[in-house]
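Several structures are given next for inspection.
Look at the two complexes coming up: chain A is in both, with chain B in one and chain C in the other.
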Partner chain A sequence: MRLDLAEFPVSRIVLGNKFQYQSGTLEVDAETLARDLLKDPRIREAKVAVAYPGEKVRITGIRDVVEPRVKTQGSGQVFPGVLGPVAPVGEGTTHRLSGMAVVATAEFEGAVRAGTGVQRSAVLDMWGAGAEISRYGSLVNLVLILRLAGGLPDLEAHLAVQKAELHAARRLAEVTLGKEPQKVETYDLARKNRDLPTVVLIQGCLTESHQFHSGVAYYGLSIRDSLATFAHPNELLDGAVTVNTTRGIGYFPNTWDWQNHALAMELYRRHGKELNFAGVALERVRFETYHGKEVTAHNAAHLAKTLGADGAVVTWLGSGNAFVDVMLTLRACEQRGIKTVLVTYEYGGKDGVDSPLLYYVPEAQAVVSTGSRDRWVELPAPEKVIGPYEEIRVLNYPGAPLTPASGPLTFDARDMVIGGVDNWGRQSWTCRAY
Partner chain B sequence: MAIISAMYPIAEQVGASRIVKAVSIPHPCGDPSLPSEVDARLRREIVETALKAIHAEVKQPTLFYPNISATV
Partner chain C sequence: MVTVVHVINQFFAGLGGEDKAGVPVGTAEGATGAARGLQAQLGDKGKVVATIYFGDNYFHEHPEEAKAAILKEIGSRKPQVVVAGPAFNSGRYGVGCVEVCHGVAESLGIPCVTAMHEENPAVDAYRGYHDLNVYLLPTRETAAGMNEALMAMAGFACRLGSGEELGPAREEGYIPRGIRRLERTDRPGVERAVEMLLKRLRNEPFVTEVPVQIWDRAVPAPPLSPERQATIAVITTSGVVPWGNPDRFKTYRNTFWQKYNISELKVLEPGKWEAVHGGYNVAFMNQNPHYGLPLDALRASESDGRFRLYHSYYVVPGNQGSPSVMKRIGQEIAADLKKEQIDGVLLVAT
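Presenting the complex of A and B:
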């Protein structure tokens, strides 16, 4: 399975009256795009705005972030099973608009009012401390501002937002059809060097089997009480993994992150040079019994062994007890002679002196921290607010007070910023010991 | 004191003295998927195990297992 990813960098977005791309400038026919989105009766209002890095802009009501892509050769189309039929992807040629993202924002009050499924403040600042902690703060963002029809069930709201953002993302990428890319990168697992060790990426996925969308979907199908399954990294590049688009929680990756999976991309960069990348094991975590956690751990390790792994990069998404499954996975791999490294964010409390991890096993000897999720962040007042909400809930319990989005904000955890938790080590954090 | 926990290895790791193995995270003291009379026996067994645990002399984190098979 060989995929050529053709890159068309975007440094400027102009809202004009046609769709076109020329030397880094993307022109978007905002009126036509909004009209297209309004064909869905579940969407009653659609607007488009642009936010640049460095602007004193705060975006509110964010539900997902996605990179514009379109397939020009090979079977299937981007976002299979969501935008189009379930057809195999990962082969041929895919065009991408790099350096930019479509940020889907929507006004919608979900039926889930508490717990991990509840929607969050979901803001992104394009300047200052907020931009610095989020991987999306350095992108040129095309913001879709949606208002949904009243009384929509959560699943319908999710489907409406997701269809809108993915349609927009594909439509934008279509401006590159027939154009010469700035760069083409080839992704092919088959080109191996037999003298190098084989490495598998084990991606722990907290999924909530009881929710209308579990949080991680493969070809549009929510992963629920599944055991580990194999995914080709090229499938990620073509948008085969998608997310719940109603919550906006900073410690869950967005669609953009699956398309640009930092660890999968880095393993690919070293493929055939330092190691042989053997693919991705999607491992469902957050089983509700210890027995379940042990079984999923052994099953994921078994899959890695079957793929010929000498080593495994283990990472996860989510929070809470799902981390036990992740630690048991490290142990199960080491017991099979697979060397492991864990990539995870840590807790540690606001001063960094609390326990950084919920649970550990002695086999977890190599751990890479992607930073603390618990540090406070002070966000100064913006000059402009983009998005469906002028007021936001900083805390998400039922009846929590509203705070003006146009004022300064204090967050006691980074997961309140979209992209605020660096799940897979995309950002260049450094660490200092005192 | 005793703790009834489905995540008993975590309780062990933080040094809880008496730990009773629970059924699952959302339902530590029972299993609503069982017929109600079986669930009632299970719930009773877990609570009785916890009461026994409280009386036991322990020197380190100690696990107590409810006899779950006896209730089915």
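Presenting the complex of A and C:
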């Protein structure tokens, strides 16, 4: 399975009256785009705005972030099972608009008061401390500002937001059809070197099996109580993995992260040179019994062994007891002779004196820290707020007070900043012992 | 020139061994005993203005008085740096050094450097204090390592005295104080991860970025005696609270607990209770709060007369609780249970 990823970098977005791309400038017909989105009766208001790195702009109500892509050759289309039919992807040619993202924001209240089904939205500052901690702070962002019809069930709200953002992303990427890319990268697992060790990426996925969307979907199907499954990294590049768009949370990867999976890309970069990348095991974590955790760990390690792994990079997403499943997966790999490195964010509390991780096994001898999720964040007042919310909930509980988004904000963790937690090590954050 | 007060035990002050371990706190102007060695290492970059000594047993038996006396002596001299030890593998001496440094850091704000063997039992207390102003350097097990220990301490003292910011423990050579700082490195995490894995696959040495930690083990209390009727309480981390969340629990990272009276209730009616918790699907709990607080089953068993249910239940939504906060909450609840003379607890975890 060979995929050519053709890159069209974007450094400027102009809201104009046609869709076109020329030497780094993307022109967007904002009116037509908004009108297209309003064809969905679940969306009662749609607007478009642009936010550049360095601008004193705060974006509110963020539900997801996605990179514009479109397939020009090969079977299927980007975001299979969501925008189009379930057809195999990962082969042929895909165009991408790099250096930019579509940021989906939406006003939506939801019916759930608490728990893993409650709607959440995050913010992004385009300058200062907020931009520095988020991987999206350095992108040119096209912001979709949506207001949803009243009384929508959570599932309908998700479907409306997701359809809108993915449709917009594909529509924007279509401006590159017939154009010469600046660069083409080829992704092909078959180009192996027999003398090199085989490495598998084990991607732990906290999924909520009791919710309308579990948080991680493969070809549009929520991963629920399944055991580990093989995914070709090219499928990720073509948008085969998508997320719940009613919950924008700093420690959950967004669609953009799955399209640009930092660890998969790094393993590809060294593929055939220093190692043979053998693919991705999507492992559901957060089984509710220890028995379940042991079985998923065993099964993921077993899949890695079957793929011929000498080594595995193990990572995860989410929070809480799902991490037990992840640690048991390290153990299960090591017991089978597969050497592991864990990539994880840490906790540690406000001052970094609490335990960095929630659970340990003695086999977890090689861990890379991508920084702390717990250190407090002080965000100064912006000059401008973009998004559906003028006021946001800094604390999360039923009846929590509202705080003006136009003022300074203090967060007791990075959860409220989209991309505020570096799940997979894209950035250079770490924590050091003092 | 950096001014230093050196704190040592009676043995290294030259007063004598076990037979002199009861001597109280004393002070000598300038450097005496082992402090002369420190002065030699400091050379012309620093001056030991006073040597304070204490008997190992005296400190052990009168820790508060000893500490107060030492802090008073240090406070009156206002040195730029306090040096304590080296204590090598001597447990009592080590505790004295760590306690003095902790007191100095807390009440005087003067930077401190101490030194001892890594397995000295006082090292755990040092890690637990998280003092930003105290540095503990590893030494050999015995006084055979005196010179190198004094040299290292003198070097630290000069740097601390000049107000220099010290780097991470691994680079500087001190034992980590249980403080982790968020920083940038020169390379993204993905590169560091794949390189670490390649090193492992080539059987080359590598350094983990998060060492494995050992957690406390709780020893279960003995079973309740069947001889007398026990009072039982319920603690739940499910976040089941009266509807409306009167005490404003957050759905995550809570820092307090609460007690709600259930003495008049036989069951928990749906709609009167709600689960405030961000870590599970609360729909089932809201339909039937007994999943988090099994009052119906407890009332049925209570009618057998084998136990009496305490009039209130304890609750904290456990989602994303920091270990240190949850430990404190556990201790506070345990103290309340003791005060209320409760014999046993049903802990409903979620």
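Please note the rule applied: the second predicted complex is superposed on the first by the 426 of 434 C-alpha atoms of A that agree within 3 Å, B and C clash if a C-alpha of one lies under 4 Å from a C-alpha of the other, contacts with A are read in each partner's own complex, and residues count from 1 in each chain.
Assume a residue touches a chain if its C-beta (ideal position, glycine included) is under 8 Å from a C-beta of that chain, and two chains touch if they have at least 3 such contacts.
Keep in mind that what you see is a predicted model, and the values were worked out from it rather than measured.
With the two structures aligned on chain A, chain B clashes with chain C. Of the two partner chains placed around the shared chain by superposition, chain B is the only one that A:Thr289 touches, whereas chain C remains out of contact. Of the two partner chains placed by the overlay, neither chain B nor chain C lies in contact with A:Asn276. In the superposed model, A:Val112 makes contact with chain C only, not with chain B.
Once chain A of one complex is fitted onto chain A of the other, the partner contacts of A:Leu263 are limited to chain C, with no touch recorded for chain B.
Put simply, more of the residues of chain A are touched by C, taking chain B and chain C as the two choices. Of the two partner chains placed around the shared chain by superposition, chain B and chain C are both touched by A:Tyr360. Of the two partner chains placed by the overlay, neither chain B nor chain C lies in contact with A:Asn141. In the superposition on chain A, A:Gly348 makes contact with chain C only, while chain B stays out of contact range.
Note on the chain A alignment: of 219-227, 255-263, 273-281 or 309-317, the part of chain C that runs into chain B is 219-227.
Annotation: chain A residues 358, 360 touch chain B in one complex and chain C in the other.
If you check the complex, the residues on chain B that touch chain A are 6-10, 13, 23-26. Contact residues on chain C toward chain A in their complex (touch as defined above): 130, 132, 168-170, 176-194, 196-198, 200-201, 206, 208-215, 239, 244-245, 248-253, 274-284, 319-320, 322-325.
Within the complex, the chain A residues that touch chain C are 112-118, 197, 199, 208, 210-211, 262-263, 265-267, 270, 274-275, 310-313, 319-320, 339-341, 343-344, 346-349, 351-358, 360-362, 364-372, 374-375, 395-400, 412-413, 422, 424-434. Every residue of chain A that touches chain B in the complex is listed here, in rising order: 288-290, 321, 324, 358-360.
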